[in-house]
Every structure is written in structure tokens, then in C-alpha cells.
Amino acid sequence: MSDTAVLLIDCPDRKGLVASVASLLYRYGANIVHADQHQDHEAGLFFMRVEWALDGFDLAAFGAEFQTMAAGLSMHWQLHSMSDAPRVAIFVSQYLHCLVDLLHRQQAGELLCSIPVIVSNHTDAEPLARFYGVEFLHIPVSRDTRQQAEEEQLRRLSKAGIDLVVLARYMQILSPEFVRQYPARIINVHHSFLPAFIGARPYHAAFHRGVKLIGATSHYVTAALDDGPIIEQDVVRISHRDQVEDLIKKGRDMEKSVLSRAVAWHLEHRILCYGNKTVVFD
Amino acid sequence: MSDTAVLLIDCPDRKGLVASVASLLYRYGANIVHADQHQDHEAGLFFMRVEWALDGFDLAAFGAEFQTMAAGLSMHWQLHSMSDAPRVAIFVSQYLHCLVDLLHRQQAGELLCSIPVIVSNHTDAEPLARFYGVEFLHIPVSRDTRQQAEEEQLRRLSKAGIDLVVLARYMQILSPEFVRQYPARIINVHHSFLPAFIGARPYHAAFHRGVKLIGATSHYVTAALDDGPIIEQDVVRISHRDQVEDLIKKGRDMEKSVLSRAVAWHLEHRILCYGNKTVVFD
Amino acid sequence: MSDTAVLLIDCPDRKGLVASVASLLYRYGANIVHADQHQDHEAGLFFMRVEWALDGFDLAAFGAEFQTMAAGLSMHWQLHSMSDAPRVAIFVSQYLHCLVDLLHRQQAGELLCSIPVIVSNHTDAEPLARFYGVEFLHIPVSRDTRQQAEEEQLRRLSKAGIDLVVLARYMQILSPEFVRQYPARIINVHHSFLPAFIGARPYHAAFHRGVKLIGATSHYVTAALDDGPIIEQDVVRISHRDQVEDLIKKGRDMEKSVLSRAVAWHLEHRILCYGNKTVVFD
Amino acid sequence: MSDTAVLLIDCPDRKGLVASVASLLYRYGANIVHADQHQDHEAGLFFMRVEWALDGFDLAAFGAEFQTMAAGLSMHWQLHSMSDAPRVAIFVSQYLHCLVDLLHRQQAGELLCSIPVIVSNHTDAEPLARFYGVEFLHIPVSRDTRQQAEEEQLRRLSKAGIDLVVLARYMQILSPEFVRQYPARIINVHHSFLPAFIGARPYHAAFHRGVKLIGATSHYVTAALDDGPIIEQDVVRISHRDQVEDLIKKGRDMEKSVLSRAVAWHLEHRILCYGNKTVVFD
């Protein structure tokens, strides 16, 4: 596919928004390949995603004129060229299944990003990082060194020009200060069907409650534990035959899929957050 | 919810289609509650569905002006007021689960239609028809009387002003002549995951092939058996423990859900056919 | 199918349990049609379900001899003839979809029971009860009359010889005294993926949390609200397009299926409770 | 978990089979951790899987005595010690997602096997083989050299003592002669919901038929193309928005999961074939 641009908009709802945006794009000769919009009538909000071919399109001039229109309509907006691949850092501890999955997908062209750095409080992921040619940062974290470790992490992320942080079963809780540096730009996977089984050891909790389905949830990280905007969820059926270790094993496949979908959608600029929820354009 | 109008469009794709439609709606002051479009790049086709509030909207004037625009852009289009509930005839034989389901959903307000008539080649459905206050037509069909029976059916459908025919496990094959009278307006449910197990006794065929999932498919009826545009499909897991009668039992729930979803979407003017496929706007 | 017997056992796990039961059945010439067992190694418990043909089988003599063996092995056990259809009372308020579903399934032979009585605090279900030939008890409930109403309900259930109470979206909470009369014999459907969204208005809570799947749960009723042993759960995908009313509509189909499956399994003597969990033999 | 043994039986159904097997195991003091059986009443066949702890169990003596019993009851049977990890060869072409998945699962302990060799008609998989320390055999295949290539493959498999061949998107059809060497010991993944879309390019065929779900199927390879006993199937929902390349992308995740589940079940001795179907004990 040739290169495309994506415009993401959220603003107070009012009549004529689609007409305004579509007419401007038409005036610039945009060849729209996909457009979608959504209204939250209760909240009075309008959301839109448009994608068009960049071939022969004057993005700079369009951007300038759109900026004026957007200001008049109180729009929040982002304008991305899909060829500008975001830079992603993956945080991981000792469970490597999500990391393996993300690295292979990126290599296979499923994730539109580069992955310049992997950060871990353990060294288990180092061979994988080396195999995929990614810099590996081993930054141990203990209760006493957490602040210092986070400062080091932030410094290295900043130096690497990171746009998105992915917590691929990273078993440390990030401080509110860290989270504030990457608003709606840290994606975590929690191994339960949120809001059920918030916190530690959700598979054990699910086992003891005797549920018949277990789940996994990918979400943006906010200061409140496991409470950020949900991006994707999935479940898998279990039975009385499944012990905790079976839940853990079955859960891994869901963790991989809900995390990788969330990351792919973020990278394709399909997600808008509002309040504590997400709009995910398909 | 107050009354809304729905505009459904399909036409050759070209630049500016969204801008044209959105601008005209804006000029008439439309308060859009939902809009969606789709392009099939391979086929060069554009599809659109827009829904807006009718409160204070001059539908007749808009329709007239839209007609001119549509002609210039080679559009096929439909303009519906959602308060004009289509009239549905349900055809059924001896399995009543889909009929029960549709009648209750209609009564509960889930299906935006009236159901003036039930047609059957058996009498099993008569008490249900009476309970729900629907006229019941018992029209027996044998090999020799099929043509005559269809003529009677068509006469009664015409008299009842039927817009949509739903085959709710009706165990007779309609002739091409009948089908031609209701193009893309006859919905059938086939008890397999089409195109697997076309024709008679699909649960038996699935059992003997040893599949691990069974399916059901709702589709528009065309002259070719079980080959019309697919509207909805679903599957359910089975195991070696399930005998043919278990497949039949598990399949029933899918038949109900894929059929009722197809009917609901048709009634909400969410479906466009092209070639042998459907666009289903959500 | 000819008539069968079902033996359900739970007891402390020890070697030779299967051999003992299977050998005794063999000695009586049982033609086993299905057998399944389960061990909870953590709890040290053994569970078993055996079903065999009753044709020419001396159930009384077997039962007597088995009783002696069971006493020696500290077994809890139930011995049922599948031709003894349990008697079920359905409690309902104003949402009738689960009731319609259960009544039709019973009539179609999917539920191995009789339904002699429907109990409601409203009169909406009365026509359906009449159509299916079921006695309808209208027992209004208010805060002041709850105890009196429950006494009336219990009196009528007892008089009707009820074995199982099904709460088919009955919007009243039963008192612990009521629940105590029917231990593991009251099945409820809760319209969330428990333990998420316990209590009232779970669809509203799910909407505001922004989950991407909604669920429904059938469970045995205990004194603790929405905390009894879970029998079955299911989920359905939603998106940002779905408003609360869409969740309610999509949820209905799950409510029907998780409730009807739970009732069917109970009636087929497939469920054993232990602690706050269930074994469901398939 | 400590080491266990698995006994897999299939034979003509008759009374007393469970009693005989369970009693013999009891006599040898077996601590059964899982047992399951199944009868196909139509075919008159009995299937059983028992797993017990080997700690202090005399497997050789039991095996000898069981052999005598089995002969008298016309049993086919297999007796495995779970600590004897089967040796698996993976065949792959240029799509590597299934290979990556299987290699990581084996390394993480999810697959109870060793993987001594990867066979490919291309060289794309060589770096992965090296990373995971697996021998890589590059055996190009053309129309003219197929027979010669298969002879080389068979020689190398034999030399490596291979128990199971996994076709992880291997884009060559194996000859009946090859298949005959590994009866019910070659597992393939086909990227459709069999029996729909047999043969080449199933995603393209699914796209043109306009299905609403696409599937993947893992099965034992027989001489008839895509017609062997099905082990596992799964589906994923698609919409009119999905182009062929989207189907391919969404399909990959299913291919991985249905293939890895099939391989895991085979390695845990959970699968019995009969006719063209499988019993999969869970």
C-alpha cells in the first residue's frame, strides 16, 4: 500500500462537522481510503478518524488550513503520516511470551513501529533482544531503588525518542510520576477480565471463585492500578478440570492477543480516549 | 428515541462523495446520529449509511434535491423513515424455535416491524400465531402442488403488503420465480457454516466429517441453493461426546441468533448487497 | 432413548473408588452409557457421574447394596432415574425473555422437567402461563410484605412439590430463610460476568467502566448476594458504539442461554457443588 | 508434578471394561490422577484414557499383565510414560509465525517434547533454528525432485528418531508414500474451517464467498488432501471492511493456536483416531 495520512479528531458535537472535514479534504483532492466517526450523545462528543492516500497530497498546506478550522470548532486533533513509524519500548520481567509475540509481529510487518529498546528488571529477555537486534537495558528494581530505577528508565526512553511504552507482563507498578510522562502512551496487559480480579494473582483469584471463563485486558496505564481506559478484552472457557497452572497456561494466549491488538491499534492511530473509556475505530 | 431517517447509498467510488452527502444534509439542518461508509477498493465501489433525526427536518424537500444529486453520481439509494415499520411474513414448517424467538422479539420491541402473517405447510405453528395475534395461512405443499402453492403464497403476500419474507426453518425450496419477486428481501437460515455442508441434513454431514465446531448462516435467498449473500454466521463448539441429536440441539440456539440478527439488521436498513456479498453497517 | 439411571457421587479421594463403583455396576449387569469422574487434588475430593440403561436393571437391589458401600467410603451420593422428571417453578418479574425461552424449551423436550407453576410479583407473564398451560401465581412483594409473600411462595412451592426454583430475571432478593429451604436448588441468572458488577444495574456499570465484553452468569443462590457457586457464564463483544440500551439488548440473549444451560444441566444431574464452586460433567 | 503414565485404549464396546481396567490398576496400587472414557454407541466402540502417578508403581509388571487382558478384549492400546518426551520434527516454508510459536512454547515447557530438527524447502527459518539450538535441514523441493527430496527427508527423520511430524504452514503436499510412514503422526494446519475451502488459497476463496467468520483447522494428514481426522478448529469474526490481507493477518493467530493445541494434545496422548474422526480427551 502507498503511504497514507490519518487525522484523528475529538470535539464537542455539533452539526456540520463531517461536512466541514470532508469538504476540506475534498478541496485538497484527498483520496479517502477509510473514514469513520462516532458520537457519544450522552456526553455530547464527536469523534472522527479519516485516512487518505498521501500520493500527490500537500499535507503541510492541508495541516495549516485544518489547524484554523479546528481551532474554531474546539477540536483536539492529531495528524499522522503512517510512514512515520512510532518508536516503542517494551518493558518485561521474566515471562517472555508477550515479548516473543510482539517481536515476531514487528519483524513480520504486523506492527507499524520500530522497537529500539527492551527494558527489564531481569536478564531473561536478553538473548531474545540480541536475536532481534534490539538494545537491552537491564535495570534492576527493588523497593529502595524504584525511584532511581525509574529515573534511569525515563532518561533512556527520552534518549531513545520513545513514543509508546508497552508493559509486556512487566511485574512492577509504575509510579504516578512515570505515568504522567506518557499520558495514554503506556499500554499494559492485565491477566483478568477487568474490573474483576484487580491486583495481584488474578488467576488464583479466578480459580478460587470458580468462574467458568477467564479473561485478559489491555488498557492504558493511569495512576490508579488496573483502572485505566480499556482497549481490548478477551476470554477463554475453563472447566472444573483446570487447575491454577492450566489457567495460567490458557491465559497466556489471551494475554498475547489482547496486548498485540491494543499495540497494533494504537500504532495505526485507531484509539481515542475520553473520560476513562476508549473509542477504537475498526 | 425520536424518529429518524436512514439513507443507504451504493455507487461507483469517486472523490468527494462524503463531502457531497454530508454538505447537503448539513444544509437541511440534519442532526446526524450515526454515519458510516465503506469502500471496496478492488471493485471500485462506495457504500454509505447515514441516520439523522427527523424532528423538524423536511424529508420531502431533501429527498427531491438528493435525487438530483444521486442521479449525477450514478447512485443507487434508499431513503427510509424508521417509523415506517416494514411488514414481515414468516414461513415455517414444524420446527418452531426460530418462530417463537422472532415473535417474542417483535413483541418486546427488538424488531422494528409488524408481522401480519405466518405461512406454513403444516399446522404446528397455528397456536403460536393465534397467541401472538398473527394471521395463520396453512398452505400444504407437495411435489405436484408446489407451483399452485407458491401462487397462493405470492397472492397472500401481495395482499398483505409484505416487504420481507423470513424463512424460519421452512423446509421447502422456493422456486426461482418466487425468489425473483422478492430480490434481497427473502432471508433464510441454513443450519451449517456455509459454504460447508450445503443442502439437506447438514448436522448429519458435520457429525460424519468429525468437525469440532458447528455453525449456522443467515443469508438472502437467490436462485442458487444456499448460495445467496451471507448476512451473519456463528459457530458453537462440539466434541466427540456430541451425537447428531446434540448437534441439532446446540445448533438451534445459533439458528435463532443468526436469523434474528439478520432480520433486525435488514429492518434497520443496515445491509447492502453487492455481487454475492453484503455490507452490514454496525 | 430408553430410560437411564444417574449416580452422582462426591467423597474424600482414595485409591480404588472407580474400581469399586464400576465393579458393582458390572455385577448388576449395568450397560453404562456415560461415565465421568473428577478429582480435586488440592481439596482431596473425588467426584463421579455414571449413567446406565435401566432396561432389565434392578435399581432397588443395586441401590441397597450401593448404600452399604457408600457408607463405608464416606460418600455423598444421589441416585436418579431420568424418567422421574423434576418439578420446576419459575419466578419472573416483568422481563419475559428468559421465561419465554424456558417454556418453549420445555415444550420442545429440551428440558427434562415439568413446570407446574410460575410465580411473579407482576402480572405481565400471565398470558404466557396460560398459553403454556401453567398455573400462574401473582404474589406482589413490597418492602413491608416481603416476609409474608415469601411464606405464601414457600407454601405454594411445597404444595406443588417443587424440586427446583428458577429465577428468570426475578427482580427481588430472596431472604436467607427462603434460600435455606432450597439448598443448591435455586438457580439465578445475573446479568454480568461475575464477580464483576455485583448487585443492581450491572449493564450501566459495565457501560461506565468502558468494558469491551459484557457477560451473564447463572449460579446457585446462597445467602450472599450474587456470590453462589457459578454454573455457567458467557460474554458478548460490545464496542464504543453500544449505548446502555444496546448492552441490555445484547445481554438478553446471553441471559437466556446461560440460564437455560444451567437449568438443563441441573435437570440432567450433571452438577455437583463443593465449597463455592461447581463440577459440571459434560 | 511427578512422573505419570498414560494408558490409551480403544476396542469394541462391552460391559465391564471400566471395571476391568480400574480393578487391575487398583491391584497395582495406581494413584489415578485423571481418567476419562467415551463410547460411540453407533459404532459400538469404547475409548479410554487413564493417567496415574508412577511414583512406586511397577510399570513393567503392570504392562505385562495388562497385555494379556487387552488381548482377550480385542483392545488396541498404548502405554506411555510422560517422562519419555516424543521427538518432533517441524516442517516449514516461508511463513514463520507457527514455527516461532511452537519453538517458544517448547522452550517455555508448554509442549512435552524435544524438537531435534526443522526441515524447510527455504532458508528463511534458519536463523530461528540456530537461535533455539535446533538442527536445520534445507531440502529444496521442485516438481522434478519431490521424490528425491522426500527420500532425503525420511532418511533424516528416521536418523533423528522422529515420533511426530508437524507441518507448520509447509507449502508442499506430501506423497501418500511419505504419509504412510507416519500414520496419525503427521499434524497439519489448514487455513480454513474445513471442509469449507479445501485446497489452495482458502482466504481468497473465503473473501470472495463473503463469509462472516474465517477459520483454521489442525488435522492428521492422510493420503486425501485436507481430509484427515480433524483435531481442532477455531474461527474469528471478519466484516466487509476486511480485505484478503486482513483475513491473512487475522488468520495467522488462529493457525498458531489450533496447531499448537493439536500438537500439545498429541504429545499428552489425549487423541484417539477412529474412522476419519478423533476423540480428544480433555
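A, B, C and D label the chains in the order they appear, each numbered from 1.
Just so we're on the same page, contacts are C-beta pairs under 8 Å (C-beta built on N, C-alpha and C of every residue); 3 or more make two chains touch, one makes a residue touch a chain.
Because the structure is predicted, anything quoted here is derived from the model rather than measured.
Trainee: Are the interface residues of chain B and chain C largely the same numbers on each copy, more than half shared, or largely different?
Mentor: Since more than half of the residue numbers are used by both chains, the interface counts as same.
Trainee: Any chance you could check whether A-B or A-D wins on number of contacting C-beta pairs?
Mentor: Greater number of contacting C-beta pairs: A-B.
Trainee: Report the inter-chain centroid distance for chain A and chain C in whole angstrom, where each centroid is the mean of the CA atoms.
Mentor: Taking the mean C-alpha position of each chain, the two centres sit 41 Å apart.
Trainee: When the C-alpha atoms of chain A and chain D are each averaged to a single point, how far apart are the two points in Å?
Mentor: 36
Trainee: Two or more other chains in contact with one residue: find those residues in chain D.
Mentor: 34, 41, 239, 241, 282 - these are the residues of chain D that touch more than one other chain.
Trainee: Would you mind writing out the residues of chain A in touch with chain B in their complex?
Mentor: That would be residues 15-16, 18-19, 22-23, 25-26, 29-37, 39, 41 of chain A.
Trainee: Along chain C, where are the residues that touch chain B in the complex?
Mentor: 34, 96-97, 100, 104, 108, 110, 127, 131, 239, 241, 249, 253, 257, 282
Trainee: Can you list the residues on chain D that touch chain B in the complex?
Mentor: Within the complex, chain D contacts chain B at residues 38, 40-42, 193-197, 209-213, 215, 229-235, 239-241, 243, 275-280, 282.
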